[in-house]
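Heads up, the next two complexes both have subunit A, just with different partners, subunit B and then subunit C.
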Partner chain A sequence: MTIQKTKNGSELIIAPEGRLDTMTAPELEAELKASLDGVTALTIDLTELEYLSSAGLRVLLSAQKTMNNQGEMKVTGVNETIMEIFEVTGFSDILTIE
Partner chain B sequence: MKNNRMKDKERSRWKEFRDRLTPDPMFHETEVQTNRLGALMLLCSGVILVVILILTATGVFPLSGNLMYSTTIQAIVEILILLLICRITKNDAWWLKPLLLIGLVIVYARLDSMLTHKAAILMVIPVVFSSRYFSRRLTVFTSVLSTVVFAISAYWGATHGLINLNIVTFPEGTQMIATGGFLGDAIINAGASDRMLIFNTMLYDFLPRWMMFSIISIISCNIARRGRDMVVSQHEKDVKSARIESELNLASGIQADMLPNIFPAFPDRTEFDIYAAMDPAKEVGGDFYDFFLIDDDHLCMVMADVSGKGVPAALFMMASKIILANNAMMGKSPAEILTDTNAAICSNNREEMFVTVWLGILEISTGKLIAANAGHEYPVLKDPDGSFELVKDKHGFVIGGMDGVRYKEYELTMKPGSKLFLYTDGVPEATNARNEQFGAERMVDALNLDGDASPDQILKNVRRTVDDFVKDAEQFDDLTMLCLEYKK
Partner chain C sequence: MMNSNQEILTIALAGRIDSGNAAQTEADLQARLAGKGNISVILDASELEYISSAGLRVILRVKKAYPELKIINVISEIYEIFEMTGFTEMMTVEKAYRLVSVEGCEVIGEGANGKVYRIDGDNVVKTYKNADALSEIQHEREVARLALVLGIPTAISYDVVKVGDSYGSVFELLDAKSFSKLLAKEPERFDWCVAEYVKMLKKIHSTEVPEGKLPPFKEKVLTAIRRTKDVLPEGLGEKLVQMTEAIPESDHMIHGDYHTKNIVLAGDEVLVIDMDTLSVGHPIFDLMRMYSAYIGYSENDPEIILKFQGFDQTTARRFWHESLAEYLNTADEQVIGDVENKVRCLSYGYLIDWGTRHHADADLILLWKTRLIELLPLIDSLTFEVASAAAGAANEMDVEATTDNLQTVIDFIDARLEAVDCPMKSQMQMDIAVEEIFVNIANYAYAPGKGNATVRVEVSGDPVTVTITFIDRGVPYDPLKKEDPDVTLSAAEREIGGLGIFMTKKIMDDVSYEYKNGQNILTLKKKI
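Now for the complex of A and B:
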């Protein structure tokens, strides 16, 4: 997995590419932990994401909780497969998906 | 009496000596390897000596005859004896390392006495080799022994070995006439004094050589000590990882025993048949199933998947399973069970783990199944005369994800002959080498291969189809399935 990061003032776009699973989720978690300070608008772009496991969902949830306290978070570029995962797990009610 | 005590003392000293030379078990392997290396060095030296012998015999090497032969042959005999000992002991005896080191020092010193300054490097070989035993004491011993033995060989070689022309001094005014041949022979014929040769050799040859040798000795001591540290720390790591592995095996045994895994589970209940299996991808996993009778008429079934894998997931799984079962046994409805479990888990969940849960309670007498779904996969239901189909039920959020979530429940009806299949995402997300997922569609097809089979057989059919699909690719996620057949 590679993580593309674009920062523009207090706006941050994070785009994980590849597989977000048990092996790679800690990487994204560390990346988010390190870069969320002072961010008020977080966009997670999943356009290039091939696979999302429950460990990846946990990272998204954790980011959502952090952003609840300091601004807004939205998830973009969600393909059909990943949308289904969001719906099945109830994440579609928690996340702002565009 | 006194004599006996002396003997006892001697014996205990001998034992102490022996113990000191016997390596700690963790060094045993490296010691045998080093002995083997020593034997190899001896073999190489023997071959070189034979070559020297041939070259001398054919006159290519201009060494003074008889002495050269006897020294070389003596060295070859020593090498052969040592090699024989190595062979008999299979390089494995506590006394072999001092014997090898002493042997090597003597063999090389013998050569050194003939070749003198031409083969100055011979002196360092035993010390460098000794560092491979990873014992500083042994390297120091070899260093001291080398100093003494090579001093003797230099002393002896000054008058018997190759003459180093650079150190020969003659009294002022000496004239020398050479009539051909080697200069060294001419000098010996001219009557250079032995005292001068010995004195000059020790001072100009041996002393500088010994200085370089002492530097290499220090380096060798350091290598021996560092090598020892590395072997010790590697051994500690090995012990630790073996312990972790055995603990993981134990943990996976405990985890497996937490789930009802004796089938038939309810041999005296003819109204239903239930079968389940869990196959974790790692030693311990985060999936679980559960089923138990709340009372005579109510069977509770759980299928759940904790986020992540390994030990953290397994710990979270244990807690979730117990909280769910406790809430269920209190006679609550599925939605209440999930709502209360979520509240209990969210109250203290700093690691932000979560678990997806499908929970259903079957009223055995009527076939009424009330279920609630906290972010788990769709269940699959088969009517008596129909085929297996996904039930697109309503989903709540995962348990442990967010505080204060309320879950809704829904009702299904099981008719006699109906079957219910529950699973975790490991089944539809099983991935083959081409990175394709098994998918829900293939899973439903596998269920319908023989929809009338027993729950046990249906799980086997799915498992086999998944295995055929995945083939050689590594099992990435846990595979957990449960099948219920309602009979009455």
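Now for the complex of A and C:
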């Protein structure tokens, strides 16, 4: 997995690419932890994400919890398979998916 | 054992024996026995309807005077009384058995000890030639039960019946066809038979048996080989004995008579039957019996294999060769040939003893001996690598359960799924499930220590179904018992975690768990 990061003032776009699984989720978690200070609009762009397991979901949930206290978070570029995962896990109701 | 020179007196017991007539019954018995001296007594209980403790005491006193006392034809209600009061352990008590006629019934199997007949649609009876049939039936029942508990699919008899002068055990076998019959009548299923036959053999060989539950097969073979030694040239016989002695002991199961008549397809389930030879030992002993069955016994006469198995010698040889190749998991003729020669050595050594004791065709025994004498100088050991053979099946892997190995497991699964053209979406979903389960095992099964997990992938059926099985020997844990997370809660209320098994359940069509033989076994199924 690689992580693309675009910051524009208090807006941050994070785009993980490849596989977000048990092995790579801690990377994204660390990246978010280090970058969210002062961010009020977070976009997580999943266009290039191929695979997402529950470890990845946990990172997304944790980011959502943080953003609930300081601004807004949306998730973009969700493909059909990943959308299905969001749906069965109830994440489609928690996350703002565009 | 009853001394056959001894006179046997059979006395019938009838009606009720209770405190009201026990004294009278005892007096009657004494009168019948008076002056008979050293005889064996059998009480025929076929007309006995009831016996109270007063009656039991009468029997005990007879038993004291005639230690070989035997009670036969006991109806089941009375047998229960004998069982409850411990009489069945003190003396021979034989149940009354239902009579079954096998006249005109189809013979569906035949082994060294008797024939198997189909008595009606789904029921078969296995008859026993030997005089001591009841204890044999008892033994087979016990080992079949043990095998079943250890995970080997087999049939267990549900009734013992009288067949002519002997006994039989009755099994329910739905629409059963032996593999011999399949090979003879449906040659297009040859490859399928090889695959299933070897899969079952590997399953048996990978089964660990608790100590003392099954006899070591090696002892039986050694006894035979030591007798064969005496008919072999000086030095060669010794060599064969030494090599046999050097075969390592094992606590893994072997069948002892694993040929295609003993493997049946019942409905769509493959079962192993004829469990009386079940033992523990090195796999070479099963291979030895297989070589004998397919080649050894019929080595100089193709009619024998046709008569015994129902398929011809060419099929038999091909089946043996393909099965061995599959078992060893190789197409390398050099490797197969090396193992085959070891197997042949042991097989001839065992057969020569069997043939000599059973007055087999002298030419055949001579042929075995000639072949053995040719082979022995070329062989230095009877063992071969079992680990790669038994565990290295292409659809199974055994890895240390650590998250570092997750990618290895995913790659292994993906390779199998790609081989069957699994749609991308299903593959990704199954990867998610595999990750959840494997990571779970890695994090919790052996904590704080480490251990291995076995991952197996099977693809079968129509619609195509993928079955993924995870086996670990860690702490017993049923992940399906975990409560599903509440997916309707808001982000703030949601707990981080608890999602993995829930997703797995949603993604797969079926998830089941069992704890067996100290193993957590989690099976995931999905139609693709």
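In this text, the second predicted complex is superposed on the first by the 98 of 98 C-alpha atoms of A that agree within 3 Å, B and C clash if a C-alpha of one lies under 4 Å from a C-alpha of the other, contacts with A are read in each partner's own complex, and residues count from 1 in each chain.
Basically, a contact is a pair of C-beta atoms (placed from the backbone, for glycine too) under 8 Å apart; a residue touches a chain by one contact, two chains touch by 3 or more.
None of these values were measured; they are calculated from a predicted model.
Is A:Glu80 touching the first partner subunit B, the second partner subunit C, both, or neither of them?
second
Output check: A:Glu31 vs subunit B and subunit C. Expected answer is one of first, second, both, neither. What do you get?
Neither: A:Glu31 stays clear of subunit B and subunit C.
Any idea whether subunit B or subunit C touches more of subunit A?
C
Answer with first, second, both or neither: which of subunit B and subunit C does A:Thr22 touch in the superposed model?
In the superposed model, A:Thr22 contacts both subunit B and subunit C.
In the superposed arrangement, which partner chain does A:Ser62 touch: subunit B (first), subunit C (second), both, or neither?
A:Ser62 sits against subunit B and subunit C alike.
Which partner does A:Asp93 reach: the first (subunit B), the second (subunit C), both, or neither?
In the superposition, A:Asp93 contacts both subunit B and subunit C.
A:Ser54 in the overlay: touching subunit B, subunit C, both, or neither? Say first, second, both or neither.
After superposing on A, A:Ser54 lies in contact with both subunit B and subunit C.
Identify the residues of subunit A that lie in both the subunit B contact region and the subunit C contact region.
21-22, 50, 53-55, 57-58, 61-62, 65, 88-90, 93-94
What part of subunit A is in contact with subunit B in the complex they form?
21-22, 25, 50, 53-55, 57-58, 61-62, 65, 87-91, 93-94
Using the touch definition up top, name the residues of subunit A that touch subunit C in the complex.
21-23, 50-55, 57-58, 61-62, 64-65, 68, 80-81, 84-85, 88-90, 93-95
Report the residues of subunit B in contact with subunit A in the complex, numbered from low to high.
Residues 305-310, 352-354, 356, 374-378, 395-398, 401-402, 425, 429, 435, 476-477 of subunit B touch subunit A in their complex.
Over in the complex, which subunit C residues touch subunit A? Could you list them?
My answer: residues 403, 406-407, 424-425, 428-429, 431-432, 435-436, 439, 485-492, 494, 496-497, 499-500, 502-503, 506-507.
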